[in-house]
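We just call them A, B, C, D, E and F in the order they show up, numbering each chain from 1.
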Amino acid sequence: MQILLLNPNTSIGITDRMVAVAKRFASPSTEIVARTAPRGVPYIATRAEALIAGAIALEMFAEHGHDADVVIVGAFGDPGLGGLRELASVPVIGLAEAAMLTACMLGRRFSIVTFAQVLGPWYEECVEYHGLTSRLAAMRLVSAPFQELTNVQYELGEAIVEIANRTGAEDKADVVILAGAPLAGLAEQIRDRVLLPLVDGVAAAVCQAETLVALRPRKAAVGSYRRPDPKLSQGLSEALSSLLSGRIAN
Amino acid sequence: MQILLLNPNTSIGITDRMVAVAKRFASPSTEIVARTAPRGVPYIATRAEALIAGAIALEMFAEHGHDADVVIVGAFGDPGLGGLRELASVPVIGLAEAAMLTACMLGRRFSIVTFAQVLGPWYEECVEYHGLTSRLAAMRLVSAPFQELTNVQYELGEAIVEIANRTGAEDKADVVILAGAPLAGLAEQIRDRVLLPLVDGVAAAVCQAETLVALRPRKAAVGSYRRPDPKLSQGLSEALSSLLSGRIAN
Amino acid sequence: MQILLLNPNTSIGITDRMVAVAKRFASPSTEIVARTAPRGVPYIATRAEALIAGAIALEMFAEHGHDADVVIVGAFGDPGLGGLRELASVPVIGLAEAAMLTACMLGRRFSIVTFAQVLGPWYEECVEYHGLTSRLAAMRLVSAPFQELTNVQYELGEAIVEIANRTGAEDKADVVILAGAPLAGLAEQIRDRVLLPLVDGVAAAVCQAETLVALRPRKAAVGSYRRPDPKLSQGLSEALSSLLSGRIAN
Amino acid sequence: MQILLLNPNTSIGITDRMVAVAKRFASPSTEIVARTAPRGVPYIATRAEALIAGAIALEMFAEHGHDADVVIVGAFGDPGLGGLRELASVPVIGLAEAAMLTACMLGRRFSIVTFAQVLGPWYEECVEYHGLTSRLAAMRLVSAPFQELTNVQYELGEAIVEIANRTGAEDKADVVILAGAPLAGLAEQIRDRVLLPLVDGVAAAVCQAETLVALRPRKAAVGSYRRPDPKLSQGLSEALSSLLSGRIAN
Amino acid sequence: MQILLLNPNTSIGITDRMVAVAKRFASPSTEIVARTAPRGVPYIATRAEALIAGAIALEMFAEHGHDADVVIVGAFGDPGLGGLRELASVPVIGLAEAAMLTACMLGRRFSIVTFAQVLGPWYEECVEYHGLTSRLAAMRLVSAPFQELTNVQYELGEAIVEIANRTGAEDKADVVILAGAPLAGLAEQIRDRVLLPLVDGVAAAVCQAETLVALRPRKAAVGSYRRPDPKLSQGLSEALSSLLSGRIAN
Amino acid sequence: MQILLLNPNTSIGITDRMVAVAKRFASPSTEIVARTAPRGVPYIATRAEALIAGAIALEMFAEHGHDADVVIVGAFGDPGLGGLRELASVPVIGLAEAAMLTACMLGRRFSIVTFAQVLGPWYEECVEYHGLTSRLAAMRLVSAPFQELTNVQYELGEAIVEIANRTGAEDKADVVILAGAPLAGLAEQIRDRVLLPLVDGVAAAVCQAETLVALRPRKAAVGSYRRPDPKLSQGLSEALSSLLSGRIAN
């Protein structure tokens, strides 16, 4: 089984971090193929950047999706998820989606803890998009500054532990999601110091990816997630243009 | 890894059917331990019966839960889920919950197709309980009569195919859940004749059970899903009484 | 008119307290028949205990329901309510339900004040179940410890007065519900010291029980609250088994 | 105990019909004092007419409310309810509110059946206002014409029976509310021919009025339902002006 | 184009303030015709007063609406809006409605800032009525006392600036609405001292009024906003009676 | 005043149609500057295409936004709206947003009528995104085939009239939105044959654009719609890269 992990950010360090976590959680027979965005921004922090990244994720999938059995959108907030789900003939999952749906099985209400103030409202829109607002206890932001994105989980680790414990006490959360690709793997590190179960988006996405492959769902042949009708385009990447035109069908 | 599959109905035939499906979807190293309710009703069809079955599921867990790594409540509607999730130190999942959350990853809105009119409103309460009403396209009931519960998927197979295709066309569903333990395994049989992806509750629950074990979430130590304080009871089964009293801790 | 008051807890002291309040609010011609759970836990404090108690409430009704004109589930959180409403040919009401619906007639938003932290999230699920979340101002918990459940209203009375007044000021509540059977009767005691109208669950339930009898609604003959089809069971109490089998019809 | 029943329509025939029903459901010791709007329209059928009637209901209360222990707004849709609840030192209930909250105790979802197409959307706004949209199965309108408002329940009785039964079958309603003051008393007449429990707004309101008096809730002293600060006005009816000014305090 | 601005309060000073703002925002060719309530209260502060004012707004429209191309209800909370929208053959807008819908185009969530504690819950009902609760960040009340209603914006200006900035920081609001006719024009004064965009209800309403006239929407000929059927009334103002009777048709 | 109308489709014919309508509704002094997507698809019909178009809209704005006073996203479904609203220092509006918010001022519930089945679920997600689901009466699709996108309003005009009238009768809609840029201008043509008010997305957007300019709202300086921090990117269009980097600030 091949999982295609698309990092719609341009930071290879974050891809590497996600791959390391993915490999720990994947079955031995699962191959993790990861791609880093060839263009875009180092780390998505706004709606505009998520939009740009979502469109780039489509290009990446068009180019690298041939052999995938399932696709993971490797950024919390799930940029491009809906579009990818239409185009791909295999299942597609986002980090936020996988984390939230998994968290729902561990308690009634989850909190989302992340490390940058600006991400909060956009993440909340993501929760609303998935129809899970009633399951959200709180969106909690660690506001401390940090030096290096790829090290943010070490720099802010203590602060995250504290916030995770506070959201249990103050927001009556049952589960805590550590949000954002740069936090991949942190849940394992701080597991014993937080009083609630933690969900790591990358780990959850890998397990859900394997679940979806195991269930062998067919591609919808009707409705709004069926493969779109072939369409001519102009000025798009060659691979994406081919995919839209129906010349290739990943 | 041991999955404890609790059938809160007394029908051994349904347990057998669920086990057969569970084994096909579990990893080779996963052990499926299944238990059939020693008392209760052959098949839950009302709120009252679900309530009785939920309490019996607690007893079954108290008696058989020692070695489980994860527990599946083997009845659509998830009787006893919340209580089990409090008591168990390992994760607990319900068939309806697993099916719905999995379906959410395959499209925007799912329909639930089942075979007995009476179950509809209770299943809808279950969707509401999980906070997923905005993801529900329709609750669709096959109203044709049938002879034998354990054969219902064969007797009503054609009717279910038809309804599943109609809910795509008429309700704009993206995914179809085949609901009710007696339909376990049917999704694989009719996969090629339904135009939308199908979700089988037992298959979904087994995969989600493995996911939850793989993620190694800790048991909540605070909040409403932490282990309840020890409590004395009277007149309950010995195992359940021990579990509530804190003498055993499954 | 006979009101059957089922206390699904095993504490006779709490039954006595509820009966005392019930008699003060019932019409002179109304007979209050109260039953205390013969098995279960002294006081429901978790989802698991509510589930157990709900199933026991069915047994109690099966055994004692013959002559009732209406049934009250005597525990806040309404364990067993949906199942009882199906099975009984007479109306059934829960303490939480009666308190909340009554509070709705006294203002736009009510707060629920109770005395044990652990009950909050379960009570909130109860509010959601009744579809009244938009009418809830706040769930307020008195976190002070107490010695004796049957005296909790005296021990914590001052703290409850304070919280009730604070929820008016801080949460913009219009009405305050004192939740939990052990608080039965407290509303009358502290009425003059709280600046908002108070609702006592037992008093509200008794008045609503009389209302439902007066209105003479028929038992549903169709739909999900009609009397369930007769069903064979095994291992249940003799009375409950008879009720499910259709041999008796309370 | 005195119940003040305010008919904000000018039709004395409708007042008489409501009083007849009210007397059948009130306790022997309860006095029903009814007032018919001295100005306005014969029967409220639009939002504009409801608004006019709501303001007139305030005038009527100001003039006749001195001795009331509780007030009923005698029109489905509850014109003036919120304002009356602020001004009155005693409880106030509306027909729609009483019917809906009572129906909630008889099943999960109620349908509202009425006799004039134009009323549907306004009644739906009333359901939304009370926060009960999730409890509404359907709004069902009998579209047949009729001659005489005070006889509409006889003229359209058959059609109403048919619609009430259809909403059970087609909308999965558990309870049926017969809406509109002109239908007062009809529930008793057709009780045996409808397969679901029926709720009569006037009967429900009378019973709820007695409930609220029995519970002796205090008037809010803080918050948005406390007695408004005295205010000078001009051009209003003398009684209403006195009430607003604080010179009288019903 | 003629905009009819109805002030349902009796304070001419507030009308003057609204007219001054309206003229600054209206097109040169637009005529602003303003009317002050000939009866009622100086300033609406409760549900009861809003109800009275709503009915008076109907009278004012009946008397002065002949030549209007569009009508503005000049009070936050929009008293009488639904009824006016039915009766008028031209578009009708409320200050709260215009402010909220305009704010929606400037960000995801708006806060409403106003100057009197008592108005909060009624304004929240107004937000709910318009179905915009999910767009509301917070209702923020300046609780400081003031001397003179027509000068409240000067007296409380500093406090309002502070609250407006705090709702951005604390409630994650994107936009701030200054609510209440007495605050008309304040947004322009404090624009540079608040860090979020401000919406002035009167300015928004005038622009929206021009928009609605420009779009030339027809009056609904079916449905619940079509012109009501002619109806006889008694005891209403002559103009309103004529309007209801169909003798005049503004 | 300059309105920048961005057509994120590549069809110049559709741009021309929108400009023609825009000019009819704009003030004489308003300049309409329109741009057609230099790359992408001729007409957005799926989530994937909307995502691509949204990213292209950002590029178009980066290149052409210098002198704009306000920006219109010229495609129903509002691709790129959130991102543009962050980046732009002037207001940004989408066709769907403008149409829906305007429709809210003309009645309680609007229907959306469009001409291609595939667009329905995506448009519904757009309604949800704007938080207006409770104001939606129905999504109605004309399923007839057509030859030429730029002529679709002529080819399907009759069918659209019929559907618009049916949604009034069957869905109790109060207002009808004609959705999709290719329908721009149709509302004026069929105004007299539809019994409900119609809203044209382009006309509404132009009027709302002028409203937002008139109100002079400041750009948020805090919160999630403030100008994003400068960010380095790679591989994006030069203009977009400059905009993200803070080198230019449209």
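The definition used in the following text is that a contact is a pair of C-beta atoms (placed from the backbone, for glycine too) under 8 Å apart; a residue touches a chain by one contact, two chains touch by 3 or more.
This structure is a prediction, so every number in the text was calculated from the model and none was measured.
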Smallest number of contact steps required from chain C to reach chain F: 2
Fraction-based call for chain D against chain C, same above half, different below: same
Between chain E and chain C, distance of the C-alpha-averaged centres to the nearest whole Å: 44
CA centroid of chain B to CA centroid of chain E, Å: 52
Between chain E and chain F, centroid-to-centroid distance (C-alpha), Å: 27
Contacts with two or more other chains, residues of chain D listed in rising order: 82, 85, 108, 120-121, 125, 128, 134, 172, 174, 223-224
Pairwise touch network: line, ring, star, complete, or other: other
Pairs of chains found to touch, sorted by chain label: A-B, A-C, A-E, A-F, B-C, B-D, B-F, C-D, C-E, D-E, D-F, E-F
Chain E - residues contacting chain A, complex: 108-109, 134, 172, 174
Touching residues on chain C, where the partner in the complex is chain D: 25, 27, 82, 85, 91, 93, 97-98, 101-102, 104-108, 130-132, 134-135, 168-169, 172-175, 188, 191-192, 194-200, 203-204, 207-208, 210-212, 214-225
Chain E to chain D touching residues, read off their complex: 10, 38-42, 45-52, 54-56, 58, 80, 82-87, 118, 120-122, 125, 128-129, 223-224, 228-229, 231-236, 240, 244
Chain E contact footprint on chain A (complex, rising order): 120-121, 125, 128
